[in-house]
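So the structure is just underneath, and the comments pick up after that.
To keep things simple, chains are lettered A, B, C, D, E and F as they appear, and every chain counts its residues starting from 1.
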Amino acid sequence: MTSKFLLALALTIAAPFIGGLVTGIDRKITARLQSRYGPPIAQPFYDVLKLLGKDRMVVNMWQALCPVVTLTASALCVFLFGMQADLLLIFFVLTVGGVFLIMGAMAAPSPYSQIGAQRELMQMLAYEPLLILVFVSFSMVTGSFKIADVYAYGRPLLPQLPLMFIVLGYALTIKLRKSPFDIAACHHAHQEIVRGVLTEYSGPNLALIEIAHWFDVALILGLCSLFWSTSALGAATLLAGAYFLELVIDNVTARMTWRFMLQNALGVGLALSVLNIVWQSFNN
Amino acid sequence: MFMTKNVLKNLFSKSATRLYPAEVRAPFKGFRGMLENAIDVCIFCKKCQLACPSQCLKVDLKARTWECDPFACVYCGVCVDVCPVASLSMRDAYRPVTGEREMIFMQGAPKAVKEKKEKKEKDEA
Amino acid sequence: MNDVITRITMDELPGLAQKMFGEGQRLATLTAVDLGDGTLDLLYHFDKDLVLSHYRLTVPKDAVAPSISGVYFAALLVENEIKDQFGLNFSGLALDFGGHLYLADEVQNAPFCKLSLTKKA
Amino acid sequence: MARTILPFGPQHPVLPEPIHLTLELEDEIVVSAVPALGYVHRGLEKLCEVRDFHQMIQIVERVCGICSKIHAMCYCQSLEEMMGADVPRRAKYLRVVWSELHRIHSHLLWIGLFADAFGFESLFMQCWRIRERIMDINEATTGNRVVVSVNVIGGVRRDLSREHQTWIGEQLKLVEKEVLALKSTIVSDYTVKSRTQGVGVLTKDQAHQLGAVGPVLRASGWAQDARMLGYAAFDELDFEPVVEVDGDCYARLAVRFREVLQSVDLVRQALTRLPEGEISVPVKGKPNGEIITRVEQPRGELMYYIKGDDTKFLDRLRIRTPTFANIPPLLAMLPGVELADVPVVVLSIDPCISCTER
Amino acid sequence: MLEYLVFLLVVLPVLSAVALLCIKNEGPRKSVVIATGAVLAFCSLALFAGGSFQLRPQSMLGLDPDVLVTGLDFALLAVILGIAVKLKSPLLIALGLLQILPLGYFEYSFARHAAAGPSLAADNLSLIMVLLVGFVGSLVCVYGLGYMKEHEAHLGLKKTRQPRFFFFLVLFLGAMNGLVLSNSLAWVYFFWEATTVCSFALIGHDGTQEARANSVRALWMNMLGGVAFALALIAVYKASGTVLLSDLLAHPGGGASLALLAAFFLLCFAGFTKAAQLPFQSWLCGAMVAPTPVSALLHSSTMVKAGVYLILRLAPAYAGTSLSSLIALFGAFAFLTTAALAIGQSNAKKILAYSTIGNLGVIVACAGINTPASIAAGVMLLIFHAVSKALLFLCVGAIEQRIGSRDIEDMRGLIAVMPRAAALTVAGILTMLLPPFGVLLTKWMAIESAMASPLLVLILALGSALTVVFWTRWAGLLLSAPMPAAGLVAPGAAVQAASMRIPMTLLAYGAVLAGLASPLIYRSLAAPFVSLFYKGAAYDVSAGSFASGAGTFSVYPLFLLLGAGFFYALRLARRLPARSASAPYLCGEQTGDAAGNVFRGPLGPVAATPANLYLSAICGEEVLTRWINVIAMTMLAVMFGGIL
Amino acid sequence: MSLTDWINKGRLKSPWVVHFDCGSCNGCDIEVLACLTPLYDVERFGILNIGNPKHADVLVVTGTVNHRNKTVLKNIYDQMPGPKAVIAVGACGLSGGVFREAYNVVGGVDKVIPVDVYVPGCPAKPESIIDGVVKALDVVKTKLGLA
């Protein structure tokens, strides 16, 4: 128990670095895909450090409050993951982060952050069911919602739940704000809603949200790795492959609308899940 | 999806980026860069001032000065075209950035001296 | 001038606009010119299959010209522009920017008028 | 139902230029859009009262940095016609070369921005990367990347050497190859199509009645292009306007994409047929009388009205730019589209505000 | 002692109600309401302290209690019939007759033969309900004092109608207590009808056209349930020879006969109508025309809770049957669809109404899932939902009185106008939505207890994803205001009357603390009830974490960590200097007005106004309701058909 | 290294830019945009065209100030949290350029907000704009007392 706790603690401390590093590599590879030289790998860290040093500027106090809670929740998610806790619980805590992010964005009477917040809600509406579907499929295979039981299961889940991996990929695309689903805010801000849900967060507050995002990245990668829980190498390959695919998709598609996202993510996601779950229950 | 080939090709070939300022490309010939006046040649005829569409030149025949507001110059090169003695030219480098307001002020040598000097040069040639 | 310019009067204008619209003429634009004697020339340029036809309407600066933006929505912008620049008022503009299409409150005079004296409405 | 009212611009990351739309939305569908202009208005037409008609060339070139060369060309053609100058044929061909290069760079720039409007970043990058080749040609042949300043009344200021001609030919080959490599993405990519097809439709009748010009008009099925008037050397070149019929954003994209290739072809034709001779003639006298001249800009038909009164200062200069004509159609297209499509529809007319407001 | 407590809980409200009907002055009314509330609260605690009991009152007013209740029952039905006749509604008359006749038949042919048994009884479920009535119900009544004063002032009434209002309000509490403490179904039926009448009177209280129409709808829908109940009495008796709940539940899980199952279905059907489950949701949505205390009462501790109470109560009896699984599906379906409907709404009370129906749906689903874990979840959700929902209704009432609208779009930036009410609303919303609070805990319990059926898990999980949308945007827009020049609270902020403020504050604390106390609530309230009827412990609760084979939910650690984060954030935010305030981004055209949202438009200044997405094309009531009702009715038909 | 040192390091390596076209003829505008594209790729320096003044460190202004856009310019500048820098690009931004005498032109950017770096040209070349940003970082350095 204590060793698990220490491991989880270590993971929580490492997660932002992992997330930041992944983001840095992401930006570099994206640049290379566009035939650009790209920023240094450590760029995300520079960005966040700089943001931390900017003057505070808020529309009201809730904007200072919400990022802290968002960050807490995101970190907590990673910690729970490290504790090999209940997947549903992690999911709910993840919602806390999302909800506070949106509340903070809505706290500003600014149309862009408001629209961004609404779209963020639509994104949550799209990816939350997908995540749940994935978790349910896990539970069907392992008999419980506990991550510990995924590890205890002893076999990789991927062969049993291949379609669910794609479903998780959908959720990943939405959560990572990648094209075609970079709808509520995107990293290169050329969007009709400026920076969407992030518009009114600035300076240190934005930094906190960015760090929270790194935690989320780490968490989602962790969730992906559960598909090949038996081998570190396998998990790493799976992650690298999935992430690379994500980057390619980001670069070969246009941004779609949220209406499309809702239809497509939920429709395809549900269809794939049903297929997989039915197929899997026949297998057993 | 059709972009895939393109982006993968980009990934596996050298980036298109020219690593300026570490890597500077040789300027093209005839680039209309910084405006320069070989003030010794200038005859203060004001042709450039009259032609300049931006009206950023001020020539004073009496004081023998040639002034240019580099912040207003649009690098069109019209002045260069009209200068009868080719005292104006454009370098193939752009004007460096600056933190302060700038003015170009050139004082020609007094008339007598100049004519003498020109004569001497002619003689030598 | 390379093209023919037909003169019209203010009363003929609405009918002309209707007629041109019916003929499938595209409104290319309007041009306003200050003649310097207290009147403006309004030139209406129509185009069909790359052939232009022009109509000239001379109006006093303080007159109110009938807007053709009800027929040709495309006239909307240019009529507002003329209002901005020459201070000429139009009646029945589809969307009236009140002389502030381009100009902020600081610019008081109708800038394109000779002598630039006409105060804006 | 509650409505969102939102200022769209003047400073807005998807709009390269300052224009403002007050948008009213309902569940993110546009209910009304009212534009505000004037953020780029300089009043440069009025400058003709303080700059002589030669200096005005540099001024009208700076109506817009994207289509600058063609402004200067149109202006010069007007005065040449007014003052009866006989422009050498070589100059006319050179004008075609540079103006079609302008069209290529303008269209590539636009495809990039358009792609960016619907979040296709890598396409944006690729287009602008190709465009750099044209910028290099500009810089090498005229001395500046953007505002090329090659026109004078009576001809052009610079000549193209033989080396330049072959080098341009090589560069164009590369441009053509690289542009064709994007064809499948632009023309058949699922995401691109679903963001553009059926969006911002302008029917054939509407397009004409609302006064649309250029690619917007041609995308709605009208084969109308001012180059058919045969100014410069266009009367001697093979040219057929590019037409699409659907009238949506996708059609406009297709028109401009095909026009890139068409312009590459026109430059080639002009270079192969380039006659020898002078590049300019001196023009005497002062402008007098009225004249209207039209040329085809990347964004459509450009119209200059010039009135001279036999002094070196023009009496009146009026510039009707293509975007000015395309704004009423735009206003008609906006209601009913999704907020996400607003930038797509706005950009689909390839708006150039500095041209519009001068 | 026990008798007195029960007497106080059931009859005292009736007496107080009668007193209130006679009192015309504010002062005494206040005293009576507060005193009654206090007594009820105290008695409910005392009753709870005593634990489960069964009781057979020998005589009441010198009569056999059974006879008395029967008499009252017919009297009540006569009243209903009278109302029906007065309204000249053939439907109502028919429904009235359809109750009187079976009841007469039942009384005439069976009741006299019935073996005497304890007609009153309570186990933990009943005690929980009594506690809810005693505390939440009383607080709502107290709130009503301040509310109704403003309400009538607002309506500009010459003559106060408060006596009538409080008569029914307090009466309602008594009826509810009676309902949950009755062991005989015949008694339950009486109280059941009493709540129907009370709700009818209260919904129509304001007397407007709309109020009347909606009260009539509530009446006929509930009478439909009443008819089912009346029939069920006969069916139950015929099938089992008893109408005592304790007898019916004596052999939990022991295969009920088909006839009995049909009877249970009828009872559940009655429960569905009372709990406003699909397709009967419209009466509850319509009920919001009533003054807010009524909505709060209907939604939190009385009325609809009676419906789920009955379903939960009977759960052990139909455990393991296909009826049970269908009920689970039916409830889950209601949860999912009402969440979607709520997304399409901007009317705050409607959002709350749909959320209530949804949460009741979860409870119904829990009853249907019918495992120890799910029953525990259902019981606990009953509690958490009552507290949070009462709070939210009270908040909306207070807000509506101040801003004159119950549209959430009009509540934008409320934090600057009514800081306290807005903050309490946000708190209420968060307790409905987020971990580690109780409602979410129970959802987690429900989902994991449904593990055997992926479909059910899916529906519940999807539903809970949908709820995020409408709660979050509401909470967010309340906060949407520019930073006040100095400090947290804007000058001129509104303060409510103490009688409104105190119940709201208490409920807010209650909602938060109930979440914190969830392990305790489980151990002392839910678990004992579950263990009465089911074998095996549902959860292993240690160190503040719920653990079962399916997963773990750590309440204390979450409270600790998220709470620490929250309070740190709050401290940080409060210390923000006023100079860090800036206007929102408006593309550079902001005019710098105080509200921060005005920009220069083409034709003059324009206020930028945000609005939420309501997905009206998908989630609009007109679009969804029809489909939902059809599906729900099909499900009911299948349920019934399945039994036969 | 203390946290401030780290933060200062970040400040110099991550200048996020908001570009405002303040009535430019597009010439300078597209050159600013060109800086983002593969050939110049200013993301190498950590520069992002962030599009939102509240996230930006550097304001890049092209074009002439006129009566309508001057308040916009000021508003955008005011909405940038410090430390911040302003770069004026092109003859127009520097002085009003060739349009100085037009009736609707107020003049250069420094008529409205303080300018830290002037990038001459008409239009300024992308290389020149990159130099401008580098110079702006120097200015920031000086402002922070690091130079």
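We adopt the following convention: contacts are C-beta pairs under 8 Å (C-beta built on N, C-alpha and C of every residue); 3 or more make two chains touch, one makes a residue touch a chain.
Bear in mind the structure is a predicted one, so any value in this text is a computation, not a measurement.
Visitor: Give the chains in contact with both chain A and chain C, ordered by label.
Guide: Touching chain A as well as chain C, we find D, E, F.
Visitor: Comparing D-F against A-B, which pair counts more contacting C-beta pairs?
Guide: It is D-F, judged by the count of C-beta pairs in contact.
Visitor: Among the chains, which has its CA centre at the largest distance from chain C's?
Guide: E
Visitor: Going by CA means, which chain is nearest the middle of everything shown?
Guide: Measuring from the global C-alpha mean, the nearest chain centre belongs to A.
Visitor: Using C-alpha centres only, name the chain that sits farthest from chain D.
Guide: For chain D, the chain whose C-alpha mean is farthest off is E.
Visitor: How many Å are there between the centre of chain E and the centre of chain F, using C-alpha atoms for each centre?
Guide: Result: the chain centres lie 59 Å from each other.
Visitor: So how far apart, in whole Å, are chain B and chain E when each is placed at the average of its C-alpha atoms?
Guide: Distance between chain centres: 82 Å.
Visitor: When the C-alpha atoms of chain A and chain E are each averaged to a single point, how far apart are the two points in Å?
Guide: Distance between chain centres: 36 Å.
Visitor: With chain centres defined as C-alpha means, what is the inter-centre distance between chain B and chain D in Å?
Guide: Distance between chain centres: 29 Å.
Visitor: If a residue has to touch 2 or more other chains to count, which residues of chain D qualify?
Guide: Those would be 4-8, 10-13, 28, 34, 37-38, 41, 43, 46, 58-59, 62, 120, 122, 125-126, 129, 147, 185, 189.
Visitor: Give me the residue numbers in chain C that touch at least two other chains, ranges are fine.
Guide: Chain C, residues with two or more chain partners: 100, 102-104, 111.
Visitor: Specify, in ascending order, the residues of chain B that touch 2 or more different other chains.
Guide: 1-3, 7, 15-17, 19, 53-55, 74-76
Visitor: For this entry, which pairs of chains touch?
Guide: Those chain pairs which touch are A-B, A-D, A-E, A-F, B-D, B-F, C-D, C-E, C-F, D-E, D-F, E-F.
Visitor: Flag every residue of chain A that touches chain B in the complex, lowest number first.
Guide: My answer: residues 29, 31-38, 248, 251-253.
Visitor: Spell out the residues on chain E that touch chain A in their complex, using ranges where they run on.
Guide: Residues 412-413, 415, 430, 433-435, 440, 444, 447-448, 451, 454, 457-458, 461-462, 465-466, 468-469, 471-473, 475-477, 479-484, 488, 549-554, 558, 561-562, 564-566, 568-570, 572-574, 576-577, 580-586, 595-597, 608-610, 612-613.
Visitor: Okay, in this complex, where on chain C does chain F touch?
Guide: Within the complex, chain C touches chain F at residues 102-107, 111.
Visitor: Can you name the residues of chain E that touch chain C in the complex?
Guide: Of all residues in chain E, those touching chain C are 602-603.
Visitor: Which bits of chain D are touching chain F when the two form their complex?
Guide: Within the complex, chain D contacts chain F at residues 10-13, 16-18, 38-44, 46-47, 50, 58-59, 62-66, 68, 109, 112, 124-126, 128-129, 132, 135, 145-147, 352, 354.
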